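Next, two complexes with subunit A in common: one pairs it with subunit B, the other with subunit C.
Moving on to the complex of A and B:
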């Protein structure tokens, strides 16, 4: 489990795929691998109103990652300082075991290098004090990134606003 | 060595401000300009795919001269000197034999438009035209008929709105980053979104009210809304009494257009229509009836767009917080705008334009843009005179003008087709000479004058040297001009010199753009006084519901409403639109964007498809009076049964664009070239098609 939390404000997300494209551009990836992806479910009518879910799927950076355990060469690793799960391309032999091991399909295949590639929260950018690529350019700023112990409060605030009665105090 | 360059994106025509990180002359990273409110790092998917365009091997890599038949794809590489000399010689010959007016130049409006207008004025041709009419000619004319200002001079205060009504304006898929963020902020603060669209879009899924209207009947809905607003006196009386003429005529006209009447036309219940009218009135004047981005669907388009503007007027949302406002230029606060080359003196031109805009035949469309879809007719009928040469500057007639077969037939008649483009677009592929342009990341461009509540200037600045043998469009036109002996109209040797010339007298220089990418003339928002200070540019100085502009041209302000006919049982109305990852016809070959949406499909209503034996994913043949083609069906309940839908911009015929070649179907190949002959837009949704299992 990394010490970070990548929050998607699904209410604000418009499913535009900017995150996917920026991720690929930043990592200079060819057509094929998507280290993060917006998966759209719907739209379907709920009563008269069409509704859809636009779900952001990066790597979860698990506490006990299946991919790390499965990797036979030690290429797939968990960074000690902050728990980011990443793959070292110099050690990866392209066996694809990590692709099979991950229950959520996070590790991807790079056909140009013949190696596994995955979301590492852009740790090179983090180390320079920047945010992950997807978060930086997200069209609606619906992606937010930070220490897991201080998650965005937007959902609580929205609920409080919806429930607030300013005329009477219970 | 890493450096940061503030510039302007150009993956679509919005031109969002960006910050480009460059290392050793390579673009490492692009993000939205963090200093610009509403951007703050944000891009859209197209903007994020900028580097994929920059490094794309499929770009036109050097000047190309055609060696086989037009469209055959047989080319040879040429030097700039050879290509420019050839274009210059051929143009000189055409101008000497047929006159400057036999040359037309079409472009998508952009920062160097003043350069191409200068080029045309200098050769004595009235035939500069832009893509604008194809997008929104009638919106422009509608706005002028009421306010004396064009739609481009009207801004939208999304951030402070309390209710926005969208007519097919797919705001969360046809993305303008700043507008999207301002609207999502407003929604966070409780703003309501009413989405009226015969197809469920992403915008529909984010709305608070969705109406699947019968296609083409938005005007009937609006007349009923106006009916209720006037009947129940729900309008902003203070504003309307002060600023509006023609209210009585409007009231008389909408009298029979009751919600019950509109229910039969639109399929939206009368009660719902009444409810919306009352709901928006409560939020007046912070209400927006969105007048549209593209407004080019039906032959009565101008009246539909006028009805939207009129609803804003009745809500008093003109020059109001959370409503519409007029964009302010630097002159408002004693500043000076950047110079344009068109300020020079040119030879007088007495002939009419090829599209006859400004003549009694076609009096009202904006002559600053012309009417592009008249081009095939003008060429084929040699009316008002023969056209011999066409220069396309970022303009794509084959896929943008309805009826691609007709357009190609017209192109075949021309002696010379020259295209300035970055990619092997279909028109580049069909040209005689391609002059490749540098991308927005490889060139400095002319000043962007950003009028608005706070007038500003932005600058597109070269981030890296060109990857291939390409040049900025403004330099290419100057160099053709030099071959033609009109070089004196282009007093610059580099783009930087042109920008410096533009900035003379403004009080700013290029250095001032260094730290943030833009300069501001003042720091306060300028809103005019709603009681006495709005300088409407109509003859009466008021908002003219009964329009002098229309009347003087011989048109009525409120012609009788003509019921929208439903297609016969085996036919559908063809409707087109956009998705978030593509721009018009220009990005389908971008590796990253193509990966997400490689082709279009035909949306067809599930119940209708079931009866026709069409299953999801089946190949179907779509035919109209002017073309046919094959496409995969997307069978869905999310679309009105009277229509089928396909994304615009697919079905490319250019083999130079290897990823998008022959993927999907070109909507323009099916659409008939008919127009709103008052407003100037083509009627893209006027065509009925048959759909058959393949």
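Moving on to the complex of A and C:
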């Protein structure tokens, strides 16, 4: 896995797709490829309430990425310093093996260039000390990015809060 | 590829660098520059219209006038400078959709088209013929050459020497296909003239009804000019009629194509020799605004040997062929020697055979390899019984009492090459011998007959005794007089005269409308982008160039019946399907490089792409290894190689040749096409090392994401203890 952690607080996410827009604008992508995507699950009825969830799907930057193994040209690589999986457009010939190999559908097809594109955590921005494009624009601040050593504590805290019985107990 | 860079491609590269390097800081400027780039790309890919250049001009002017900073102003100025400096190239890209430097890859011309002196869009019409669209093929050819039928029978086909298919097996039989389509369209009554433009109220006089003159007449008449053609002979056709014998080119072929030109309102005055029956001043008084001299090269060079002028049985080949063509079919003698090794010599020899001469010798001072005549001509002459005497120099014509009896010859050897690059024949001492003949036909070469033209004293001539013209405008030293054809080039071919006539017609049109002449000779026009004719790879490889069916030798020796019988419809359609479509595929080799060096699959065996060292080619082997990944198609700069899904199959198609087709598999969830099993096998093999528990699930991109997302989500909130 990469050195980083990109966390989505699904409780906060309202499915506004701003992250997708910022991502595409940052990478100058045409209609089609979505390097990150908010997948809407549901709505389903939970009791009488219709409920939906919005799952943020970027690339997971696997430890042993299938896309890297599948790529015949060496265009798909894992950055040694931090484990980010990225594609070098100069080496990519557009055979789409990475697209088909990935079980999560992370690498995408850019019909304009005829090459694969994928989420690289905006590594050019990271190198400048910035955050990935999607994170910077998140309206509800549900996306958080940082080194894996300091994962966000939101879930833990929320669970703890829910479990806590500060009020009257039985 | 040429070293010169095309100014259009160069400007695109320069401007896209400027944009991508962030040189233009102002957003509005950058947007304007991007608009200009888009318009330039339209021009370089053949999609631009009339408004493109004015639009680029006005946006660039905006850049110069309204920009807040220096970088934008300079960019605008540079574009304006390039537009003016290379105006002609920009216009030519727009008009001809042809980039002769091949820097604009989508406009790179096919070698056959560039080889054609008339610049016919060969791949387009060959493809139309393969699809049975003969009348469209003829309509397309006639935009560059009004004589498809004549050329289909007698052209020297320089196109076929450049044909890329020749690097695989044999060149496509371009010439005969043209002849086939013309005959078919004519016989189906579908050989039609395009509509004429409205009258321009100018009269043009053309001197000479040969291929050059008639071509100019055709294009001028279509353009709305009133054309009159003056001709010394009693019929139209020039050298096509009185130089080329009937067994190669039947009279009705010429007559029918000339009739098409006459139908446009062109007026002919036969039996009228310029300078004798009618003078230049008389024609001026008749109100002609421009003149076109296409008088050809009807005078013969002398062989320069003793006895040439002594005996009446010596007749030069041009006079002999003219005499026979005009109906005088007396034999020149029982035993005839033809001197020379060109096509005219072959014509004279084969005509002599047909007239009934018992023995016909061709006396040539070099060997068969050096002969300028077409190989087929020489071969057919031999079949008909013409005897060749190579390495032989005639030195004297002998006889007595005005009766020729023999040709005194010397044997030669080939020495070192002379300035023309051909090996010089050196006589062998003491090798004299007598060739017993009673007629001699020198076919040494032709030159322009200046009779009648010498009255025009301001007309300048070259050292080679041809009319001196400006090669871009075809205008002579006298204003308003243009010239082309053999009179300018010296004895050449029908198709070269046609090319010259077309050029002259354009120049005369510009002259009469007062538009400036171009600085460069014209560039062949890409007339169409005909869709590919589909053909399986095995058929593409298996088809062989058909032999031309010939009249039997016996008949050929005694009649002037057409010797080549023409292709059957079936073999013509098949032959046309052999074309590799070099108007679309520029043979850059990117597909092969990617397939073998990048993908490591090595499924494409296309050795013909290498011009200098062609390797083996076999389109059939692709199906053995190809996994249909589509990398070749993604990287093809011109769309020559394509991958497409059709029904249950995925196909790889190179200019119509189906290189591979495989049944595709579908996404388990949504049913969308995911790719063929061979592709998935390739993938599994690559990832099996790290993927220990391989689930053989086949999911499309969207469904892969969706199923993952669904498995991650918990819609139900964590249960809180109540």
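Basically, the second predicted complex is superposed on the first by the 164 of 170 C-alpha atoms of A that agree within 3 Å, B and C clash if a C-alpha of one lies under 4 Å from a C-alpha of the other, contacts with A are read in each partner's own complex, and residues count from 1 in each chain.
Convention: a residue touches a chain if its C-beta (ideal position, glycine included) is under 8 Å from a C-beta of that chain, and two chains touch if they have at least 3 such contacts.
Just so you know, these numbers come straight off a predicted model, no measurement behind them.
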Contacts of A:70 with subunit B and subunit C, given as first, second, both or neither: second
Touched partner set for A:21, first subunit B, second subunit C, both or neither: first
Subunit B versus subunit C as contact partner of A:41, first or second or both or neither: second
Touched partner set for A:137, first subunit B, second subunit C, both or neither: first
Which superposed partner A:95 touches (first subunit B, second subunit C, both, neither): second
Dominant toucher of subunit A (residue count), subunit B or subunit C: C
Touching partner for A:52 - first (subunit B), second (subunit C), both, neither: both
Partner chain(s) touched by A:31 [first = subunit B, second = subunit C, both, neither]: first
Shared subunit A surface residues [contacts with subunit B and with subunit C]: 42, 51-52
Footprint of subunit A on subunit C - complex, ascending: 594, 598-601, 629-631, 634-635, 674-675, 679-680, 682-683, 686-687, 689-691, 699, 701-706, 708-710, 712-716, 718, 720-721
Contacting residues of subunit A [partner subunit C, same complex]: 10, 37, 39, 41-42, 44, 46, 51-53, 55, 57, 64, 66, 69-70, 72-73, 91, 93-97, 99-106, 108-109, 114-115, 159, 162-163
Of all residues in subunit A, those that touch subunit B in their complex: 12, 14-18, 20-22, 24-26, 30-32, 42-43, 45, 48-52, 133, 136-141
Residue numbers on subunit B that touch subunit A, as the complex places them: 29-32, 40-45, 47-52, 172-173, 175, 177, 180-181, 184, 188, 200, 202, 204-207, 209-210, 580-581, 591-596, 637-638
